[in-house]
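The following pair of complexes shares a single chain, chain A, combined with chain B in the former and chain C in the latter.
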Partner chain A sequence: MGEYLIRRTLQSVVVLFLISVFTFGLIHAAPGGPTQIFLSPGLSVEAGQIKAEQLGLNDPLPQQYFRWLGNILTGDLGATFKNNIPVGDILWPTVKNSVILMSVTWILTLLIAIPWGVYNSTKEYGLSDQTASFISYVGFAMPTFWFGIILQSTISIKLDWLPLSDMYTIGKQGDIPDLLMHMVLPVSVLTLISLAGYQKYMRSSMLEVLQQDYIRTARAKGVKENKVVFRHAWRNALIPLITLIGLDLPMLVGGAALTEKVFNWPGMGSLFVDMAMAREYSVLMAITLLSAVFVVIGNLIADILYAAVDPRVQLGKGGK
Partner chain B sequence: MAASSFKWKAMIASLSVMGVIAAGCGNNDNGTNTAGNTNTPATNTANEGAASPAPTAEPSGPVKGGTLTIGTFSDIVNTNPIYIADTSSGDAAYFMFSNLLDYDAGGNVVAEPWSLLEALPEISADGLTYTLKLKANAKWSDGQPVTADDIAFTFNTIKDPAAASPGISTFDKVDKIKVIDPQTAKITMKTVYAPFLNSLVTSVVPAHVMKDVPLAELQKSPYGIDPAKTVTNGPWKWTEWNQKQYLSFEKDANYWAKDVNDVNIDKIIYKIYADQNTNVQAIIKGDVDMVGAVPVTQVEAVKTKENLNVILEPGPLYEYMSFNFNKMNWGGKESPFTGEKTRQAIAYAINRQGVLDNILKGTGKALNAPFLPGTWADPGSDAVTYDYNVEKAKQLLAEDGWKDSNNDGTVDKDGFEFKFELQYNSGNSRREAVSAVIQQNLGDIGIGVTTKGIDFSSWIEQNITPGKYQAALQAWSLNSPDPDSESIFSSKYFPPNGQNSGWYKNETLDKLWVDGYSTTDQEKRKEIYKQVAQQISTNLPYVFLYQYGTPAVYNTRVKYEDAWKPVPALAYGSFFGVNKWWLEEKK
Partner chain C sequence: MSAQLQPASNTEAPADIVPQSEKPLGPWRLTWNKFKRNPFAMSGLVVLFLFIVAAVAAPWLSPYDPARQDLLSANLRPFTGDHVLGTDELGRDIFSRIVYSGRISLTIGFAVAAVAVIIGSIIGAISGYFGGWADIIFMRIVDVMNSVPTLFLNILIGAIFGTNFLLMIMILSLTSWMGVARLVRGNFLQLREMQYVEAAKSIGVSSWGIIFRHLLRNASFPIIVNATLMVGGAILAESGLSYLGLGIQPPDTSWGMMLSNAQEFMLIDPMQAVYPGVCIFLVVLSVNFIGDGIRDAMDPRQKAQLSPRRLDQWRAKFSKSTK
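So, the complex of A and B:
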């Protein structure tokens, strides 16, 4: 296990390095650099040159990359071109906000989707299963922002039950009940959307397991159906779901740009879109890198959980 | 001033466009506006700007107190007056800084009781020296007096390329700034430049706070970014900046002009919405009291609300179709737009009224010369009007030698088929719609148009700035009511050194622009700009389309006397009179 972790970590470093090279190149290759945006067109050509020089934008790309890399290694994420605000000051609060929103959504989704999927697999095509299918279709088909707007105009504006947008009422920063009120609508939107996938996954995985020989054996032995489902089947059915959960982990920090925008949630998804528009290279690089780190970690966690749920999987030995 | 104002405003326009694009993904503006409204198509009350509900003046007098919450869709960048280049930072500065001089509702430069200068500057007989006298009691929020040093420091810094100030071209005609005594500064110009007066509608920075910061470090200094370190001199002081969420301003108890400008509103919250739709929802719900720019597509949603006032009067922007005259864009051949009659034919062929009615929905006004209607330079009927007239267009084309000799549906001349590409920035749904109308209208007279939307920042970099396109839909936004537009029409300003990106050359106009700013006598200037209007509307460097604006929406709890109602045609005009407004209790 230990050896496995070390190997994986080393691999991850290489992966992260490649990702950073790739995105750095890609971001800089996009037409219309920051000089087009943060430099006001009112700036004379001469002043623009001075500014670009100050920011090191005239240096060859590899040199810019290694300067960036050197800074990152010392923990310096850089600052925005436009107003020289340290990237961390912008990034970390939004990461926190996204994590709050997404983790609540995620936990809620799993708490509903897993039991429901299990139940539906035992009562195929029953009322509950049909309802779940319906919600899945709706959840898959409906654009999140649209659903968000519908909720806003009905529940918030017409009925005035819940706040329209934002994380806190102004002046109530850090007030937990206020935060919870503000979370209801965006969490509902995001849960409905992701519920569909997890529930379907769980159900089909269960159905597959319930066909297995050992389940038939258990039933033949006269084991009670409840026990068959919950002791024998569901633990095995959970394995594919764990992969999914691991792969979805980066979503926790990545946030959900559209939903965040509609609900004016100051999260990272929304930040990324803004910064891409403004060609703020250092913020974009920091976000990309952070997301990449979480993808790597998510995969690692999925592997470890795999071993935890399924004793047949042994990390770092044999096949791998 | 105008030189810079054009560039400046192009920036601001670009930022708002950015905002629209950024919001675009979450905000399908083609009908997903489900704000819970029955979208009764409002009767289009003509295009007169006055089509807005009556102002909310009421007999009951002003009351003190209350919080004004303003919804906006982009965060500030830097509120340091030396570095302001975007609308939001400018809005913030509007609350917390006094200006040297101000605009009145008619767009005239005046010294208000709350302006830093005692009176309009004394201009020497040769028009070259401006003597500025500060009010003796003007003070910074840290108790220091506002002095001539502040004026000199601010202007000298903006002038210096090392400071990289976006306002640099505002001062390119200024020779030097001299401090005479603590209250008096003298500005000497290199040449007579009448629009310079507008450059004095600006705030200054406190020299005593910033004079030791090296120029290259100035933009990075906390002044303008950290509320606690931003020393101001306006009615409200900056108390909080919660990035991407909101800014707040509180009435400054030590404001120097409070005897003459005792503002009613205690607190201003400038709230940032990432999505325009949410911003509009917020004003419908009452979370915010005003939105300075509601997208045209959302106007119907707010019009039906009783508690909201919509001001449709167009703002200080105009849109045009630019012709490109440079051979490099036509494969080395003569530009098909070279003939004056051809350009006039195109102007006649475009159904501007249709565009105003159907696309701008009453938020625009036709215009024929680059001067905003209602300002002192407005040429009125002296400019040539091009009413939609297909027959006349066809006739003019034929007179200029265009005919469909090979019967393929497109007119041609000397073997050149009249086809061109019309560019606009993708994501701008208004321009997209307008380009489709132009495509169809010009198709009717045998000109083939292909339209192309390009990502804003690449478009500016690769097409507009270097002047590499055939025709483009663009807009200019004017932050000064002064009519000088030399920097965009004179052949002195071809790319890469200027903004005449269509490579338009007209020697008569080149000279008239210079005449226009070379006298400070307003009556003489008026005569000159009348000639400019006649010349430019006949010769058509652009097809001038319309003046337009993004409607401002106010909750009815925002009250003001008629004299202090918002003036959309001025830059920051949606806040005009905010120092006199008052608020009713929230319902």
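So, the complex of A and C:
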């Protein structure tokens, strides 16, 4: 276990390093190089060259890369080109907003999906099971942002029940009830989209566990069906779900970008979109790298938890 | 092989004594036969076919040029004059725009799936068959690409290289081949140990010959299923990017772009947001149904599709009749 942990962590570091090279290379592969994009078109050629010299854009690429990497590792994410604002000052508040939105969504999703999946596995092809599979087809085929727009036009505009967009009403910053009101629509969109997948996964995991020998043994010795499901099957069926949760951690950050944009939620995803429009590459690089860190850590946590929860899993032995 | 054997057996045994056996159906025919019996998959096929016909016949179907602005007849309700779905805020005919958008969205969906499958198959085949350094390098690239959320990756590449129609296809396929590569690699790791591969090697077939003639064909079923499902994903991704304004650019039009337009004018005409969304939804749903249908039809383990409830009913009936 210890050896595996070390090897796995080293692997993650290597992947992160490659991602930083990849991101950096991508920006510098742009036609005309970063100088062309970074500088505003109104600038004269001489002024442009002076600015490029200041930013160190004329240095050899490896030197630029290691300077950038060194800065990132010491917590300096660079500054925006337009107003020279430190990237961290823009980025961290949006990360916080995204985490608020996503954690509520996630908890809600799991709270609904797990019991529902368990129930559906005991009543296969029943009404509730059919409904769930219908929702999952709809959820996979419907553009998230379209669902958001439809909710906005019905619930916010026609019925006027909930606020249309943003995180707070103007002048009510930090007001918790106001925040909750603003959260209802984006959270329900995101929950409905991810609900189907989790439910389906939980259900199939349960179905597999219910076929195991120890379940038959438990039933044979006369354990009540409720107890079989909740004491014996349920806990074991949760294990594969842990992997899914770890793997989905980043998808939620990235996948929320569209929803954040629809509801004008000041999160990391909508910041990324805005900055892509404004061509602020230092911010884009920082967010790409940060989300990659999320992914790699998510995978690592999933692997470790998987072994910690299930003693039968022997990491690093056999398998691949 | 059977064609060579048949004349010989015919001379020994006359056809009227031993009835000539029918030629067994090929795997494609079997798949189609099973696919036909799946109502969801077939209705998906019909809907998708209608959309494709509409996209191909767009110039004849649409009464107006989709980019033609006519401010005098802006924001018309549906069924005014020959504007079947009304007009938008610039007086552009919505029905024409929907039809022309379908052209772009469908082309992107199919093109991206095709290109991504080709890239993914080649990379997966090299990794799986040769192994070694090629495998390590390609799989690290897959890891890296998988570690950045796809939407961010699309936006990043689009912001750097720009987004026109062809670039969109390139960007979306460059960010979606990883799944196919992993799938093909996994399949190849199994298949390359097969005896027919050994046999091919022993008679001197080149590595590429083995990959393209023997292995890729044997791995084709899962690749096809994956490709079908990828069409829907590509259409959704395109609509998302175009909605954000980072995809298809005017004067071209796509369903995602129409949606972002519709959101701006939601207070005036909420129905404008419905049409393009329904189109995306229907197309993606049909493609997913078709993909699932193909998967079920190609799965040799699923001989008959009976739900457990039906099976129980059938069993109950059967046991009663034997009593």
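Heads up, the rule we're going with is that the second predicted complex is superposed on the first by the 283 of 320 C-alpha atoms of A that agree within 3 Å, B and C clash if a C-alpha of one lies under 4 Å from a C-alpha of the other, contacts with A are read in each partner's own complex, and residues count from 1 in each chain.
Note that in this section a residue touches a chain if its C-beta (ideal position, glycine included) is under 8 Å from a C-beta of that chain, and two chains touch if they have at least 3 such contacts.
Everything numeric in this text was worked out from a predicted model, so none of it was measured.
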Room on chain A for both chain B and chain C (clash or fit): clash
Contacts of A:262 with chain B and chain C, given as first, second, both or neither: both
First, second, both or neither for A:90, with chain B first and chain C second: first
Touching partner for A:296 - first (chain B), second (chain C), both, neither: second
First (chain B), second (chain C), both or neither touched by A:153: both
First, second, both or neither for A:140, with chain B first and chain C second: second
Contacts of A:273 with chain B and chain C, given as first, second, both or neither: both
Partner chain in contact with A:15 - chain B first, chain C second, else both or neither: second
Touched partner set for A:117, first chain B, second chain C, both or neither: neither
Which of chain B and chain C A:288 touches, first, second, both or neither: second
Clash with chain B, by chain C stretch, listed 42-50, 168-176, 258-266 or 294-302: 258-266
Chain A residues contacted in one complex by chain B, in the other by chain C: 31, 37, 145-146, 149-150, 152-154, 157-158, 257-258, 261-262, 273, 277, 279
Chain C-facing residues of chain A, complex: 14-15, 18-19, 22-23, 26-27, 29-31, 37, 124-125, 137-138, 140-146, 149-150, 152-154, 157-158, 250-251, 253-255, 257-258, 261-262, 269, 272-273, 276-277, 279, 284, 287-288, 291-292, 295-296
In the complex, chain A residues that touch chain B: 31-33, 36-48, 50-51, 54, 82-85, 89-90, 93-94, 145-146, 149-150, 152-154, 156-158, 160, 163-167, 170, 173, 257-258, 260-264, 266, 270-271, 273-274, 277-279
Touching residues on chain B, where the partner in the complex is chain A: 4, 7-8, 10-11, 14, 18, 21-23, 25-28, 32, 34-36, 69, 77-78, 85, 161-170, 172, 216, 219-220, 225, 242-246, 248, 269, 271-275, 277-278, 281-282, 284-285, 287, 455-462, 465, 496-497, 499
Residues of chain C touching chain A in the complex: 140, 143-144, 146-153, 155-161, 232, 236, 239-240, 243-246, 256, 259, 262-263, 266-267, 270, 273-274, 276-277, 280-281, 284-285, 288-289, 307-309
